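This report refers to the structure that appears directly beneath it.
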Amino acid sequence: MRRVLASERDQSAGAKPGHRRGKSAGALPPVYRRRHYLTVVAFLVVIALIGAGNTENMYQISVFNNALTISVATVGLYFAYQLGGMFAFSQAAFMGIGAYTSAILSPDYGFVFSAGVALIVAAVLSYGLAFLLRNAKHMYFAIGAMAFAEIVVLVLRNWEVTAGPTGGGNLYGIAPPSVAGYEFPLPGDIFWFLLAVLGVVLLLSVLLERSPLRRHSLAVKAIPQVTESNGIDPRRSAMTLFTYGSTLGALAGVLQAHSLGTIAPESFEVGVSINLFLMLLLGGAGSLWGGVAGAFFLTWLPEFLRPVKEYETVVYSLLLLAVIVLFPNGIVGAISWLAEKARGWTGRKGKAANHA
Amino acid sequence: MSNFVALLFSGLTLGAIYTLVSLGIVILYKATGIVNAAQFGLVGLGAYIAFWASTDAGMPLLVSYLLSIVVMALVGVGLERLTYAPLRTRPVDSVFLSTLAGGFAFVGLIVLWYDAEPRSLRSLFGLDTVTILGAPVPKHSLFVIVVCAIAVAALSWAFNRTDMGRQVRALAFDRDAARLQGIAVNRLSIITFALASAMAGLAGILLGPVAALTPEMGLSPMLFAFGAAIIGGFGRFGGVVAGAVLLGLAEQFGGGYISTNWREIFPFAVMLLIIAFRPEGLFGGEASARL
Amino acid sequence: MTMLSISGLRVQYGNTVAVDGLDLPMAASGALALLGANGAGKSSTLKAVSGLVPYEGEIVFDGVSLRGMSPERIARLGLIHVPEGRRLFGNLTVLENLRVGMTARGRRGGGYSIGDVFDLFPALREIPGQMAWTLSGGQQQMVSIGRALVGNPRLIMLDEPSLGLSPLVSQTVYEALRQIAAQTPVLLVEQNFSAALRICDQAVVLANGRSVYTGDVAGLEDGQLLQNAYFGPSESSAKS
Amino acid sequence: MLEAKDIRVKFGGNTAVDGVTLSLDEGQVVGIVGPNGSGKTSFLNAICGIVPATGSLTLRGRQVPLGRPLKVRAAGLSRTFQTPQVFEDLTCVENVMLSDERFRRTGFLGATLARRAMLRDEHERTERALRALATVGLAALRDQLAEGLAYGQARYLEIARALAGRPAVIALDEPSAGLNAEETKRLADLLRSVSEEGVSLLIVDHKIEYLSRICDRIDVLELGRLIASGPPERVFKDPAVIEAYLGT
């Protein structure tokens, strides 16, 4: 017992990245030895540096804020779809649930409390939906999730509480985020708040990646029947990840509501969920960084497509088709594949053991 | 009473349209194993081709309808040539996602061709109505119901009585064993792709006068069509038709007796509950393990 | 004249080599038994011939090379495969299964009629409208063979027809096979050696994907060679 | 250790397993043989809960409901499959860590709030996995993705996973399929050493020769019924068994 505790203490103090134990018998599987934390810190620093330069430029920073907000939703989609194997066409709907709950509560209860309630509501609803559809597989679940999403949008559009039906569900004048009295009035300030939230989300996600949950969900997604005869309930890990992913979707909705100040049901429809899928797949569904890369790429793309606005839908869908059929590993997949080659890791065949 | 009859007929009309879209999806799945979520784009395309033919090209309405159906059949053949090989071997969920993306590509094309502004497609019967049991029922609704009934009768006859129908059912059950009997799978897949696209186009044409013409007009009907297919267990046509009518009536009666704003919630709720509690469908059927 | 000639056949699934360089010439008439223990490569050989699995080597049927041909085209040439486990279309009736079998006639036409099949298997005459998934093992086997016969086979391949059949039922099935073999060449994969003996004149015994015996069935009378092929070389007579 | 009474499996009109009763004591190795289509694999799938079946099953004295794979595994019965089932996207050590009677702290809470305890479990699971990998001789491949494994190695990985999950009984479905004579011999030695650690083995297979060397008892199935049961020497001489194999 003594020996295990020693190596364990060493491991859990692994907050300081890069301390690699030799390949001794007790070493945990490779996923635990990846330098996740380092990558998160590096990413945040890079974005902070780029962002700091533009906080005055209103236009640039709002695109940045949008990318940071959407990244939270696509990281959530990574957990629900890529790890959990669940067709989360409901992701945009959960963004809507988060956005409206916090927008409606925040004038009376303040930002932090209402955001908390929004996440809890989303977690309960998403767990309920996953439980309700636990026997529905693949396409059936997708249709069920879409039906749920359509119901949510109808509710937002017609419920008096969400300024329906006369107001068409459009809410205005939503206060910017404020934490413990500290306000983030201007888009430049909101940028730092969003970056901090994304940082927390990424760190929490890395904790999930470095845990049995990831191993179980990948196994369940591959061959569910075999995991069951090995003692793993295929539904439990998938439902957990769907709930976590949808709750992150709600958090993105909260951030969107309080950074833009206005929200409307149209921005939470099924089409938006499909765009989130596009971002995740384009970025590279193989890792949570795919979600972030896809979100940044596709929030910048419309800026380039500005002159040919009406082509946007065609370009988006052809892009999604190309990604699925031509290069399933997306941007991050390609990068890690190149990194693999660069390191000349001839011994390792095919995909790297686990993406960073 | 007359309110009930009016709602009944408008429910049946929607049910008929969902049936046409749903049968297109089910038949294509049985023959090729591909779940075609691009159907909603084809519904829109069919409606817009009829709109173009009847307004810009000035053709008579009936001719525009037929032209649209023929063009949609050719689009189906093109789709088969383009997507059948790559999609054939891929897992169900990535097929669903890529066909869904394909559907939005069609929507994009429509937006490029016209624009996103809602339009409307005239019906063969204009706005004439006929009174049944005291309720003014649009002739177009009766036309839709009759056309759908004919289509369902023809399809179930073909499926149960003809060689080709049996071959498609054999393919759906055990693809390799069916090929060992000499069934020409490539020819069948072209025919079913053309048939499914034509039916989607027809659904678009019939839906035009009932709902506004928008590039994404096919999305909700396709969702309900998938719901109907699931209720019918992706199997015998009877189950699929019943599922479609159930959803159509749920929408109209919900809208009529509870609230028009909320009317689409009822069919979606019915769908959600059925997928949750009876994923194999209300009417059994042969939902093969692959789904 | 050889109806079917297999030369240097090699079938591989991932890392497992199922058939490793098999040569099998089949005369234009009579019945050949392909024997061997489970996993010896019998079924894989048939699946290669009927185009279901990729293979290396050459397969020529009636002078035509089958390389690259799809299973449906091979079937329409008259080379009909009755698969292992019968694989009827459970969602179709007995009659409908037979009707689907007629597709293999293609432009050639001819072949057994439904009536001929019912004469051969009287038990089916009472259940034409019954759904196939409700049939017993024996009934399924009869329909499966009937489904091949209506396709006008010029060579019929059967994969373990007596699998899971009671001795009585397998008796009737083999009686029917004897009549069929009189008119159409039969390539029979079978584990039930003595049943195969009754209708086949030629035999090839497979072990680990290679043929360890090719020739008259008479050569296998003493059973020692078969014993080795089935139960593995016993300690005493272990060769190299 | 394992009591299966009157197990029956029907597929449509076809009865695959027709009332088979079989028992297994601790550390005992039983082989199940029979010609193709005799219901061997269906029997195995029935007691593992993968195929709907009737009859009763008790493991370590406790009654276990049929048709519930999770319950069967929790009661101590783990298994391998006819074609080896490995998770290609996971490393070998992770593959082997996927089997246990009960998984605690492997969910969201384990990864976050109860992380310290989770890591302790993970360490213990890794230790067990490495020991099992060493037993089957795959220790060197611990961090390699399972997709690169050869067929025989995948077979051994599955056995390691079954072993690592602290089972009372391991059921093996044709473990020697696709293995040559030399690999089969190595498999036989491995299975014998596993049984010597007190784990009972139920082996469904064809190669009689290696089974007769390592099995305490051989049960012969034909057409879903048990037609012979006893020590290998006696069973393989029994005319009824020879007839079942080579036909009347």
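Order of writing sets the labels: A, B, C and D. Residues in every chain begin at 1.
The rule is simple: contacts are C-beta pairs under 8 Å (C-beta built on N, C-alpha and C of every residue); 3 or more make two chains touch, one makes a residue touch a chain.
Computed from a predicted model, the values in this text were never measured in an experiment.
Shared contacts of chain A and chain D, meaning chains that touch the two of them, come down to nothing at all.
Comparing mean CA positions across the assembly, the chain most remote from chain A is C. If you average the CA atoms of chain C and of chain D, the two centres end up 32 Å from each other. Chain B and chain D have centres, each the mean of its CA atoms, that are 48 Å apart.
The distance from the centre of chain A to the centre of chain C, each centre being the mean of the chain's C-alpha atoms, comes to 55 Å.
Rounded to whole angstrom units, the spacing between the C-alpha centres of chain B and chain C is 43. The set of chain B residues that touch two or more partner chains is empty. Among all residues of chain C, those that touch two or more other chains are 90. Judged by the touch criterion defined above, the protein chains form a single closed ring in which each chain touches exactly two others.
Chain pairs recorded as touching, per the definition above, are A-B, A-D, B-C, C-D.
The part of chain D that touches chain A in the complex is made up of residues 48-50, 69-70, 72-74, 78-79, 81, 85, 87-91, 93-94, 97-103, 105-108, 110-112, 115-116, 118-127, 130, 143-145, 147-148, 161, 165. Note for the complex: chain A touches chain D at residues 4-5, 7-8, 11-12, 23, 25-32, 204, 207-208, 210-213, 215-216, 218-219, 222-223, 225-233, 236-237, 240, 244, 348-351, 353. The touching residues of chain D, when paired with chain C in their complex, are 12-14, 16, 35-38, 150-151, 177-178, 180-181, 206-210, 223, 236, 245-248. Residue ranges of chain B in contact with chain A, taken from their complex: 35, 86, 92-94, 96-98, 100-105, 107-109, 111-112, 115, 216, 219-220, 223, 226-227, 230, 259, 261-262, 264-265, 268-269, 271-272, 275-276, 279, 291. Within the complex formed with chain D, the residues of chain C that make contact are 14-16, 37-39, 90, 133-137, 139-140, 160, 162-164, 166-167, 191-196, 208, 223, 226, 230-234.
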